[in-house]
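Listed below are the structures to be examined.
Shared chain: subunit A. Partners: subunit B in the first complex, subunit C in the second.
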Partner chain A sequence: MNWLARLACRAPVPVYPAIGRNALPQIQDWRLDARLQWTRSPRQARILLVAGDILPECRPALRRLHDQLPAPSITLWWRSTPLAGLADRAVVFEDADELGTIAGDACRSLLLGDRQGEPNLCPDEPPAPFEGRGDHGQGGEGMMGGKPYGRPMAMTAEDLRDGLELDPLEFSIGPFWPVLPPGLAARLVLHGDVIAEVEITSAPFPVDLQPVFEQALERPVPIADLEMARARNHLRQLSHSMWLSGLESASLSVLRQVQALQPHDSISGLCERLRRVGFFFSAGAGRGEISLEQAERLGGPAARAAGLEQDARTRDPEYRKLGFRPVGGRGNDCRARWQQWLDEASQALHLAGRARSSGAETSYTESVEAPRGNVQCGRYPADASAILSELLPGLEWSEAMATIASLDLAGVADPGEGRA
Partner chain B sequence: MEASELFALMIISTATFALGLVLAGIPFSSLRISWPQRAPFLGGGIPDTHAWSRFHVRYYPMTLLLIAFEMEMMFMYPWAVVYVAEGVKALVEMGMFLAILSIGIVYGWREGVFKWQ
Partner chain C sequence: MDLMLSVIAVLATLSVGAYAVAVIDRICGVAMGGEATGGAGVHDRRNPFLAPLSRAAALWLAPPHVTEAPDAAGWRLAPVLYLTLAGMGLAVVPWSETFVPVDLATGIVLWGALEPLATVLIFLHGWSPNSHLPLLGGYRYVAVGLSYILVSMFVLIAVALPAESLQVSAVVESQQELWNVVRQPLGLPLFLIVGLGISFWGPLDFADSNDLAGGTSAESSGRALLVWQFARIAMLVSFSAIAASAFLGGWMGPLLPGPIWLVIKMVFILVLLLVLGRLLPRLSPERFMTLAWTVLLPLAFVDLVWAGLEALS
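== the complex of A and B ==
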C-alpha cells in the first residue's frame, strides 16, 4: 500500500475548517491556496484546522467535531488554544502563509506512517446503549423498538403546510458548520425540507471592528482607506453567498479580485458574470423578506436595501463634497440584499478613487458607518441572530440558508469590554 | 452450447464474483468506525431524534399531471392511425378530448404543480 500512500501525498490536502473569532477573512484567503482542498464535511478531511479563538461554550462541540474526522487525523491550531486532551501533540502556528506547507508536511507524515493520528476526545460508546435489548435485540419494547442507535424516534406533529400528522426531525446544528456564520448554533425542527422552528442556542462570535473604522471614531482618516475596507468586506460577504449557491469558481474569482482590489477598480464584470450565471435567481433569491422593524434591528446594508435611509456618511460634509448619496431601496428579500452589497461595493470603489486623488479625509467622528452598520462611540451593532427564529420558519432548507447568507448577523465586539 | 454447460458457466462466474467481493473487503476488515464518527455530521451539533421519520414526499400533484399528459399521448397513437381516413370529424373529436384534459392541466398550474421544489 506504500505506493498508494505516496500517490495520496501528492494530492491537495483535504482540510475541514472550524472557524473561530475573526478568522473568516483568513479562511477565505486560504481557499485560494491550490495545495489545500476545503471539504464540506469532516468525513472527507484529513486535517482539522481550528482558526481563531474558540469560546469556552463551543469547546464541547469542537470535541465532537474533532472525533468525526476519520482516523488517522491531525488538528492544526491557528491563533487558537488547543483543547485539553491534545495539548501535548498540538501543531500551533501563527503565520497564515505557512498553512500550505504545514498541512502538507502533516498529511505526508500521517500517510507514510511517520506520525500517529490523534486520539478520540469523546468516549467511544453509543450515546444510549441499545444493542441486545428487547424481544429481538432491536433496542427496546414495542413495534418501534425504543431507541435505535440511542436516539428516540420522533413523535408526530402537525405539518406546517397542511396539518398532516407527520414526524418532525429535531436536531441542533453548528457552531462549526461553514455555511452558517462562525459560532452560530441553532436547534431546528424540520418538516420534510421545510423549517418549522428555529431556536438560536449560540449567537455568532462577535467580530472585531476593522482598525480603520475604529480610528475614524477618534480622528480624521483617509476616506479612500475606509471605502476600500468596505468594498472588500461586501465582496467577501457576496463570495460566501456565491459559494453557498454552488458557484465555486465565481466565488474564488471574487476573492482573488478582493486581494488585488484598487481604488477606481470596476466590478461591472463581476455584476455581468453574476447575472449570466443566474445568481440572482438561485434558490431563495426571492425569499427571506424582512419587515421594516427587523431591518431597523439589522441596520447597515440590509436596512438600506429595505428602504431605510440610515447612513452615518450623510452627516459628513467631506462625503457630501465627494457627491455621496446612499443607494438602496431595492427591496427586502435576499436578491435585494445581494444587489445592495454589489451596489455599495461599486460605490465604495468609486468614492475611494475620488478620495484618493483629492486626498479627502473624514471630518465627522461622532459616528462611523461600518460595513455591518452604524457605530458610535460606546455603541456597537449588536448580534441580530435572534431574527432568524422569526424569519426562517416556513422556508425550505435551501431558501433558509440563502437567507442567512444574505444577512450580516454577527455583532461587533466592543473593544472596551476586552480591555476591562 | 448445452444447458448444462451454460449452468456450469453461471456457477463459475457467480463463485468468482463472490470470491472477488470477499477479497476486496479484506483491506477494510480491520477498519473500525468509532461511535462519535457514526453520529450524523451537524457541524458540532447533535440530533435529538432518530432520522428514521415519516415525511410527506408531496409529489402526488406532479404524478396526476403526468397521468394527464400520458393519457393524451396514449389515445393519440390509435387516433393518428385512423385520422387520415376519418378526416375533420376525428380532428374535432380529438380537440374536444384535449380541451377536457387541459382543464386538469390548467387546474394543476393554478395549484402550483409546475413549481419545482
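== the complex of A and C ==
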C-alpha cells in the first residue's frame, strides 16, 4: 500500500449528488458528515451519489452526468433504481447512515486500484458535430457562433444593457445541478453575465407533502408537529441561500441547528448574525421582484412576503387561540423572502412551544398551510418554475441564482396520482 | 549563495505558509461551527494538521479531466503563472535589515503590477477550458478587478510617501517610530480588501464561487486543481507578507529576530483575512463595483491626501 494513497484515504470522499425526488433534506443532512466532501462540480468527484427517484425524462441527463465524472468513478444509489448499463455492478443502499462508510470503501478501492471504475454510458463523440455553416464549419457566421464540439460559441446580437452588439452565449443548466431545485433544467441565453432569455426545459421534480401536513387534511394533528416541520423547512431553504452567497460556515451551522431544533428555540441569534455580516445585502438583495400575479401562483412564504394575506392557518380557531397572525408584507424581492423565512421560522417555533405546552391540535381539516403553500384535498400547489422565464431576464448571474434559491418552485405531488 | 538562499526562503515560505493557511482556516472553521463534524470514526479527519495533507494527497491521486477542445497550454500555465506571481510578490519583502530576497528599488510598483497580471491569469484560467461556467467566472473577475486594483495603487503610494522610496525595505524602515497602520488608519482596512480580491477569497470570490459550480476551476480536477488551490493560498500568504511590511512594520520588533516578527505579523493578517472570508457574504459584482467606486476609491484618495499632509508636516 502506497503511503500517498494511504494518506489520501484519510481525506473526505469527494461526492457529487444527483438529487432525485424528495431527497433534498437528506442531502442537506449529509453535508454535516465529515467523511464526505460535496463537490461543486462533477469533475472534482470520484463518487456519484444518485439519491431518490429519478423521473424517466431525466435519465438521459443522468447518463451524461455519469460520464462527466473523470474515470475511474463509482456510482452509489440511495432509494433509486440504477441505470441500465450499470445495473450489474450497482451499489444500492437504503440506510442513510451508511453513506459515509460505503462511499469511504468505494473511494478507497479506487485509490488502491482494487476496483475498476464504471464504463462510460454515452458514446465518446461530440454531442453536436463540428460541421455546418460558417467559415470553419462551426455552424455560425464568420468565426463566431455555432456549436463547435457541442459548446455554443458567442455570436453578436443586440445587447440588453448598452446597445453594444456583444456576445450572446447559449447553454443549458440542470437538471442535476445542486444550485437549482432538483430536476429543474433550463436553456439560457446570456449577454456577458446577464441573463437574456430563459426557457425551462424540465420542471423541478414534484415533492411529496410531509406526512404531518397530509395527516392534517384528515384529522386533527398536534400544532407543535406542524410548526416544527415548517420551521425546519424554512431554515433549510435559508441555509441553501446562505451557502450560495458564500456563507458556507454559517450555512452548515444552520443545518446543525435544524437537526437539534426544539419548540421554544430562538433563532434571534441567527437573525442578528445575518444582519451584522450583511447577508441582507448579498447578491440577490433588492432583485428578483415578483409581481402580485406571480406571488399568487407561488403561494406560501413568497406570497405572504409580497403582501398577500394567504394563510390557511387563519381559518383554524385553535391557531387563533394561540394568538396566530400571519407575518409578511416586507416586499417582493429576495431579501424580503429571506426575512420572511426567518420571521415565519421564528413564529413557528414560538407557536410550537405554546402548542406543545397546551397540547393544542388543529381543528380545521379543509385545508392546511404547508411550507410550500395552501393545500386542500385534491388541490396541491402546482409547479411554478415557469415564472423564471419572466423573472430572470435582466438579472446578473449571481442575482439570478439567488432569486431561484429564494423561491420554492417545485409542485407538490398529488398522492392520488400514484406516488412511486 | 545569496541567490540560493533567496529562492529557498521564498519557496519555503510559500509552501509552509500555504499549509499554515489551510490549518488556520480549518481551525477558524471549527471554531465558527462551519466544518462538518458528523459521522462515525471521524476523529482523525478532524485533525486540522493532517487534513490539508490528506486532501492534497487525494487531489494528487485524482484522475485528470480534459474538456473538448480546450486551450491546453493556457489551461496548464494559468495556475503555474499565478503561483509564480505569488512568489514574485513575496520576493520583494524584507525579512530583516540585511536579508531581502530581491531588494528591488521599485518593489511597491512591482506589487502594483502583479494585481492586473493576476487578473489576466484568472481570466486565462476561466477561458481556456472552453466551458461556460468557468468563462463566466473569468468575465466576472475581469469586470470587478479594476475596481480594487485602483484602491490598491493609492494605498500603496500612500505608504511609499513617508518612506520617500518605492523600495519595500525603505517602507519598512520608515515605520521605525510609528507603524503605518496608526499613521494612515485607512490604509490597512482598504488593503485587506485588496488581499481578498487578488486571491478571490470569501466575499470577493467572484471567480470561483458556489453559484458557478466553482467558476474558473469548475472543469479542473486532480493535480491541476491542486496547483490552482495552492497558488490561490500562496497568493494570500504573499499578500500577508506585503501587508505586514507596508502597515505593521514588517520585520521590526523588539527582542525577537526580524523573520520571527514578520511571521507573527503575517499570521495576524492571515487570521484576519480568513475570518473575514468565512464571515462575510458575497455581494453581487455590480453592488461591489458601486461600493468600490463610490466608497472605497474616495476613501483611498482620502488616505493618500492624509499621507501627503502628514509627510508635509
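As a working rule, the second predicted complex is superposed on the first by the 388 of 420 C-alpha atoms of A that agree within 3 Å, B and C clash if a C-alpha of one lies under 4 Å from a C-alpha of the other, contacts with A are read in each partner's own complex, and residues count from 1 in each chain.
In this text, a contact is a pair of C-beta atoms (placed from the backbone, for glycine too) under 8 Å apart; a residue touches a chain by one contact, two chains touch by 3 or more.
A quick note: this is a predicted structure, and the numbers were derived from the prediction, not measured.
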item	value
First, second, both or neither for A:P70, with subunit B first and subunit C second	both
Which of subunit B and subunit C A:P168 touches, first, second, both or neither	first
Touching partner for A:D33 - first (subunit B), second (subunit C), both, neither	second
Partner chain in contact with A:C58 - subunit B first, subunit C second, else both or neither	first
Partner chain in contact with A:E396 - subunit B first, subunit C second, else both or neither	both
Subunit B versus subunit C as contact partner of A:C122, first or second or both or neither	first
A:S41 touches, of subunit B and subunit C: first, second, both or neither?	both
In the superposition, subunit B vs subunit C on subunit A residues touched	C
Subunit B/subunit C common contact set on subunit A	41, 43, 70-71, 126, 148-149, 151, 169, 171, 177, 192-193, 396
Residues of subunit A that touch subunit B when the two form their complex	1, 18, 41-43, 58, 61-62, 64-65, 67-68, 70-71, 120, 122-127, 147-149, 151-154, 159, 164, 166-178, 180, 185, 187, 191-193, 396
Subunit C residues within the subunit A interface of the complex	29, 32-42, 44-46, 50-51, 53-55, 57-58, 60-65, 68-69, 130-133, 135-136, 139-140, 143, 202-203, 205, 209-214, 217-222, 225, 278-287
Subunit B - residues contacting subunit A, complex	27, 34-58, 117
Residues of subunit A touching subunit C in the complex	4-5, 7-12, 14, 31-37, 39-41, 43-44, 46, 70-72, 100-101, 111, 126, 148-151, 169, 171, 177, 179, 190, 192-193, 242-253, 256, 277-279, 281-285, 287, 396-399, 401-402
